[in-house]
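Below are the structure tokens for one structure; questions will follow.
Order as written gives the chain letters A, B, C and D; numbering starts at 1 within each chain.
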Amino acid sequence: MIENKKMNWDVFLQMRERVRGQWETGQSPDLELDRTVMALKAVPEHKNFALKLRHAKANNITMIQPRAGVAVLKEHIALLQYLETKGEADFLPSTIDSYTRQNRYENAKDGIRESEKQGRSMLNGFPAVVYGVEGCRQVQDAVGVPVQARHGTPDARLLSEVIHAAGWTSNEGGGISYNIPYAKNIGLEDTLRYWQYADRLVGFYAEQGIEINREPFGPLTGTLVPPSISHTVAIIEAILAAEQGVKNITVGYGQGGNILQDIAALQTLDELTPYYLKLFGYQDVFVTTVMHQWMGGFPADEARSMAIISLASTVATLGNATKMITKSPHESQGVPTMQANAEGLRASKIITRMLREQSYPSSKELQQEKELIKQEVNALLYAVLNAGKGDLAQGVVKGFASGVIDIPFAPSEMNAGKILPARDAEGCIRILEFGNLALNDDIKAFHRDKLQVRAAQEGRPVSFQMTIDDVYAVSQGRLIGQPRRKG
Amino acid sequence: MIENKKMNWDVFLQMRERVRGQWETGQSPDLELDRTVMALKAVPEHKNFALKLRHAKANNITMIQPRAGVAVLKEHIALLQYLETKGEADFLPSTIDSYTRQNRYENAKDGIRESEKQGRSMLNGFPAVVYGVEGCRQVQDAVGVPVQARHGTPDARLLSEVIHAAGWTSNEGGGISYNIPYAKNIGLEDTLRYWQYADRLVGFYAEQGIEINREPFGPLTGTLVPPSISHTVAIIEAILAAEQGVKNITVGYGQGGNILQDIAALQTLDELTPYYLKLFGYQDVFVTTVMHQWMGGFPADEARSMAIISLASTVATLGNATKMITKSPHESQGVPTMQANAEGLRASKIITRMLREQSYPSSKELQQEKELIKQEVNALLYAVLNAGKGDLAQGVVKGFASGVIDIPFAPSEMNAGKILPARDAEGCIRILEFGNLALNDDIKAFHRDKLQVRAAQEGRPVSFQMTIDDVYAVSQGRLIGQPRRKG
Amino acid sequence: MKTVVIGVIGADVHAVGNKIIEHVLTEHGYNVINIGVLSSQEDFINAAIETDASAILVSSLYGHGEMDCQYMRENCEEAGLANIKLYVGGNIVVGKQDFKAVEQRFKKMGFDRVYPPGISIEDAVADLQEDLGE
Amino acid sequence: MKTVVIGVIGADVHAVGNKIIEHVLTEHGYNVINIGVLSSQEDFINAAIETDASAILVSSLYGHGEMDCQYMRENCEEAGLANIKLYVGGNIVVGKQDFKAVEQRFKKMGFDRVYPPGISIEDAVADLQEDLGE
């Protein structure tokens, strides 16, 4: 039975043997722990993700990071170098391909071969495990800023081993956030354990004096996720990571679209995460926030997409996010060219620079929205903990099963999938159908009232059709979905 | 001696004869007033600028309008049609070329010929007077939204006659705003009189039941203009126009860069203009606001330019501007292609749509900034009126001469040119050198303190170098100019 | 009532469009068999056989569609689904590519209809009606 | 101390760059004669003659530069300014054009140095020093 307990080192080491056996590159002597520690200690400060985040937060700067990854190593390096020089990326990613995410390394290997043959990437990301420590180290050495693995991998144990051994000082993911949006029928017990492993590894390095950053994936399904739900997941994953010894955590949030709600979300995320970490007994965890530029469907038009990217940058900067994950004008079309990717970065960067000294003043409305989010997070966290009879990891398994915590539009069968979100008349994301979500009646009434106002304005009932309209809205150039005209 | 007095109709008619004689197209029988009234009455409601603005304000929508104009009529029409269909422009302009602005119609005619020969526009705008009522009517008939003349013409009397006769229902400009930033040694007495004429014409049409919009040019030199200064000019021009019988006025403001100051500026402009109009006895003037996207130097990079365009759109929409003048990603390079122009429009449009239902909440900081602007405008207006011994038009002439009202970076010798602006530590535009500007000591001290904070942060004295750095800053991707490194 | 099988092929987990397609096609009167995300060709084919479906609508969003869809027509025929309509849509290749070329590649693979990004399911209902009869 | 004439040619009123050019060149030790905006070729030439200037820096921002600068070299020579350096910069043509071609057109007209948009005056000081001596 899964528990929120620091993994015993011997158990870890035993598991590690099996993990290294999952694929040929796991056998590399570069994965011996004495070597990996040496490799990580050799990473210069400016290429350490965790330390650069500390610097950014101290100076109140919003840093930018793209998504990027292609099948062939040489191309991947060229891509990252381009994004660093022409896109002014503060942090670099290596977005991992979907076969690797599903541990289908053989498929990934085929994908590399096919890509080399066709002269274009047939994979939607960089197959880090297939390239192994050696390949990933080439990536690390080729660039001047910290590198992170970004993926969506339920079982990222081998991947985590490989990337850290290569000197990559950050890893995205978590037992919930890389399961519910990214899998169909993998149990939460399993993914929680896989991610305890990844966190324990980072905790081990922390014991060796090496600070590595971990980032729960904030946006979840990227589709109309109410802030309190993604916050709850982020905080839970932060706590689970802290238990394994992680000291540097970035919690995330996907831009919702209503500026005030987004600022309230970013501020509460930054306030609640350290608060709960301390409450659960983890005193010395350094917390930063990351905002993801709009994670739902983008418009096909590049000019419109650039506008959304810039709006997102405005929100992230005013909301004091420490980091922002950028999109590109090709978002609705496909994996961007390096040029399009850099365009998104440059647009983002100028906004973060121009607004660096500015802030979003406090107001009654902002305080109310923050208060609402805090109450909701508190209720959800309490319900999860309660479901686990005091154990958070157990609570996650039981809580998702019963639906006291529930994520909209998720593919996973572990998720109740009963709640439905929709926008209110100002574009804030509210909840229309609660399923078994652990919110009290006052809060539910608040959501319903808000949606009722919109429904009245639009002369239609509150219904799933609203949700659908909202899912399409941004790609059609609106925030709030319009009722379709008849005929 | 110029006075703020409604022009006597006979005086107007006499002047009109001379104006029509300025150039051959002035002789057209289409300029007989009975014909022009008929032509304007035939303009359908949806193509009437003034009425569409009323509709926008009632529905709290921020409408968008580009700048656009080329030398050859056929190309100009194609351009406007493209911006309407591919750019979703709510209003269309015809930006007038610089020769026409200086009444150098012969040069403009040469420019058309040369453009036809070279197959590209050699003029930076549309030479409306050379094409006359007939040509302008073709423009009006070719598009589905209202058309406005946008220029920078100190003496736009003939131009105004021609465009209104052709059914264009809005005209930009004013005796101050189309002199000080647009001329070197034309007297304010003259330009005030020229614009009294243009306003009187619109006032005449109002008497015939035809509502025509007038828009003082808000941004002035577009370069670090403190809001209170451009507001004062806008309000004065609104009053002068109202005296001549204008009933539908759009006052303008150029985005400054600090969001809070910009919102404060837009709100105060919308509050103060009707307030002063009523105070001066004009009860039935309908007022709207227009925000100009960043009017200073743009970055060379198109992605960065798109970001600024989007940021501007965010501010205009949250600030409830009724209209926004858009820029293009080619801004720093030259007059945009129609494609680039439409890109700017589409980016602008999606932001105005996405944020339509949102607002910028009130806060202590916002109220303070608004209060400051109001106090300053009040002081400046009072000083101008006082300089004219109670006559506003006289006051303008005397006030600019003495420098109690003063515009930074203006080419005109009528302007004292003594004040220097610079940004404070948050990026708000403040005043560093006051010259003779009619602000009291408390206000001056406030500005100086604000600049001192920045100076201290940057470890340098408050100086003109700061102003220069600020002039360059946005084109270099910052809002606040950085001290150059030595060497 | 015509039966159609929908799902998302390969290692692809994009679930949003899939849920909406189910809703919209059901509203338009189809009997929708939704096999969900992470579905293999076999899953599609088995579902089509079991339910005697008239069409299979393959979604692929994540970019590996070209590899995941290889030999799907052949596999259908082998399984005895001789006349079934095969549609594919979403973001079916990696990156922004010339759609005409992409369409050809997928038609060569035996797909009857191929949709570019940005097409929503509502836009395809007319095609379905034409191909399957109202 | 070398004397240079600066100004903005034609019907052009863009004053900001002009004011900054005056300030920066003065700081770099030049005797700057600024004839301001809305200046004709004659204004430039007369100022250069009167002050025995070594160079004329023409600014044109508004797009009509190509027409306003025609025959400027010939007019200088006619007025007896045989060896004067002629620079032009700003946004000297209408629209975003290939700069190489633009440069050639202006060089053909007799300009010694031609600057694209986005060059600030600081970037040109080295050229001045080279052409006029420190």
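Remarks
In this section, a contact is a pair of C-beta atoms (placed from the backbone, for glycine too) under 8 Å apart; a residue touches a chain by one contact, two chains touch by 3 or more.
If you're wondering where the values come from, they're calculated on a predicted model, not measured in any experiment.
Annotation: 54 Å between the Cα-based centres of chain B and chain C.
Centre-to-centre, using mean CA coordinates, chain A is 45 Å away from chain B.
Between chain A and chain C the centroid-to-centroid distance comes to 29 Å (mean Cα coordinates, whole Å). Shared interface positions of chain D, defined as residues touching 2 or more other chains, are absent. Contact topology of the protein chains: linear, an open path with no closing contact. Chain pairs that touch one another: A-B, A-C, B-D. Chain contact summary for the complex, chain D toward chain B: residues 10-13, 15-16, 18-20, 23-24, 36-38, 62-64, 66-67, 91, 93-97, 117-118, 120. Residue ranges of chain B in contact with chain A, taken from their complex: 257-260, 299, 301-304, 306-311, 313-314, 318, 342-344, 346-351, 353-358, 361-366, 425-427, 474, 477-480. Across the complex, chain C is touched by residues 97-99, 101-102, 104, 107, 110-111, 114, 120-124, 152, 181-184, 221, 223, 296-297, 300, 330, 332-337, 340, 409-411, 464, 468, 471-472, 475 of chain A.
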